[in-house]
């Protein structure tokens, strides 16, 4: 028994068991944002400047919104505008600030048998895919990407529930979905960051042109300190301010060039 | 047994085991265990022997009554199934001493002594799981003995041992306890095994003590036929007492007994098999008539002969390999004799 | 591209060892006595207790992760402790997962003992603490099986640990959650590097325990 208690003491000494430090802020964001690596590039600067540690929890869009709705985070970084507006309307979130954007892309095999590259619009592209019918892989997980896909299908006059022959749902993250699409030489809708990260592995190419219906807006949401007293409001405000300040916006603009040869995001707050 | 005093005294003890339909109650008014003595507790299965032993060991709480310890020293019990601890033989004995707060040298001394006494010193380093049944029994005893118990309770210590194993073990056990003041209690359903060790006998029946006392007393003078059978007085003959000194079986068979003042309601005459003589000279007893040999069974040590006499089947023992034992055979007619003082009259 | 830095891998590995080690130790300290107690006594609620243990063994770790999260996030009953997304919560979740395993295996081992074992030890005057030690020695093979099983489960746990720990860089990231994350990101080299470390750890630890276990057999 002596050996075991010694282990326990050692363990206790090693772990920061105490509650989250005073100077910290809990940022909840989506896995695709985390996976892009943007936060890893930006946040150390914030911590150096302010001494506030950013604890980043990356879960699915639905879970992030839920955390906001229940006050389990301090600041949200999401890209699901309709749901975000609902959160503001409900009072769970006190302020919504869009701060960067990029575009979704319809990716597919280089052969492009459905002719998406020639489509007039994203809606038209989906109609072409459905009418062929060409294989398509969907995330089906209520993420920001999935929500956009549903909206586009509706706008194209297609039934999102039933899909068409060759329509598959992974219920998983963007990476997995892209890989399945690569295997099946299928089409899929993806955020630009994950698509680029998996481009080599999947062999898929970006087929769609930029369009307003593919616009993907990222916003910061401050969880309401009035509704949820435990929210670290001050730290959240400072982090939000950080994302909006000029130097950060500049860095957002150039992020991704080294790895992919192009930017992943377009800042919205640069005049 | 000079200088002996009670090690454990039981007074007014009442034990209850089980519940509902299967309740068993044990009542012991008075029972003493003497230092340096050995008590054999006999009785059929279900008589309460284990219950009594567990009570003496302090494993169960009595409903009423007291079990007083009158001497210092542990009360230790050895179970019917030897249960070795994982580890070596030596470790087993050391473990038994773990509660004793002994300096290491004394502990090691006691361990060696205990192993010696039971002739398993050469097995000290062996894994207890590899021992034979007999060796395990010796280990159990060595373990208990190392504690220098004031009271040693043994539950069927000779189970699963053959005749020579039993003898050897009882010799070693007797020698081991001879030097100590330990009061030993041996629970067994087998008379012969009990007699190997004990100087006192208690006979239990249906939760009561039917008889207790000095060994020879109980053996020669059981209080009733039940006890008589338990203590090996297997020849029980229904008789009528004819004053002053005869027991009448039937018209042809009258046996002389010791004179009695009050006849009482004598109903049986009991004769221990070893006291019933076959075809012997006058000096060994009064002839009581002829009988016909029914069976002759030898186990190499003793020969058990059953004889039909006066319509009853009597049993007697002969030493194997000697005289009559070599020639006697079923169908023979023999003369039976018994000394009057060896006939015990029972109610 | 994320840096494949040895320091990064080391940091995550050390944290993995600390969290898993603590969880294993706690599971044993709590679970062994309970297993011994359940294995020995016959009492009226025993069947219920053992059924609970058996169902606990089958409980999916993701469910445990969800339930522990609901206890510890701010909106939950224990939110005031601020244990969510800390190693404490991860240890707790892993103990909840491993505990039924330890209890179940231990109680089976104790149940296989001679029913008079306890009594014999008592009547030899062996004090309770030493009796407990002797008992552990009797069932040491079973205990080692429990340790190996618990260790395997704890080291490989990802769902519950991710849910309550959040995979926070520098705070609650362990090998399993890191591997999951890097795989999701497409950083396969990094994921493989960490996977090799995890596999290596598992092999070494399980192997060492097996040697001890099999050594006890002779």
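Going by the order they are written in, the chains are A, B and C; count residues from 1 in each one.
Quick note on the criterion: a residue touches a chain if its C-beta (ideal position, glycine included) is under 8 Å from a C-beta of that chain, and two chains touch if they have at least 3 such contacts.
Every value quoted in this text rests on a predicted model; they were computed, and no experiment measured them.
When each chain is reduced to the mean of its CA atoms, the one lying nearest the mean of all protein CA atoms is C. When every chain is reduced to the mean of its CA atoms, the largest separation from subunit A belongs to B.
Subunit A and subunit C have Cα centroids separated by 34 Å. Between subunit B and subunit C the centroid-to-centroid distance comes to 55 Å (mean Cα coordinates, whole Å). Centroids of subunit A and subunit B (each the mean of its C-alpha atoms) stand 88 Å apart.
For subunit A in complex with subunit C, the residues that touch the partner chain are 4-5, 7-8, 10-12, 14-20, 26, 31, 34-35, 37, 40, 55-58, 67, 70-72, 173, 175-176, 194, 197-198, 201, 228, 230, 259.
Listing the residues of subunit B that touch subunit C in their complex gives 57-59, 74-79, 81, 83, 85-87, 95-96, 98-100, 143-144, 147, 153.
The residues of subunit C lying in touch with subunit B in their complex are 114, 116-117, 119-127, 130, 134, 137-138, 140.
The touching residues of subunit C, counted against subunit A in their complex, run 1-2, 14, 18-19, 21-22, 25-26, 28-29, 73-75, 79, 81-88, 91, 166-169, 171, 181, 183-188.
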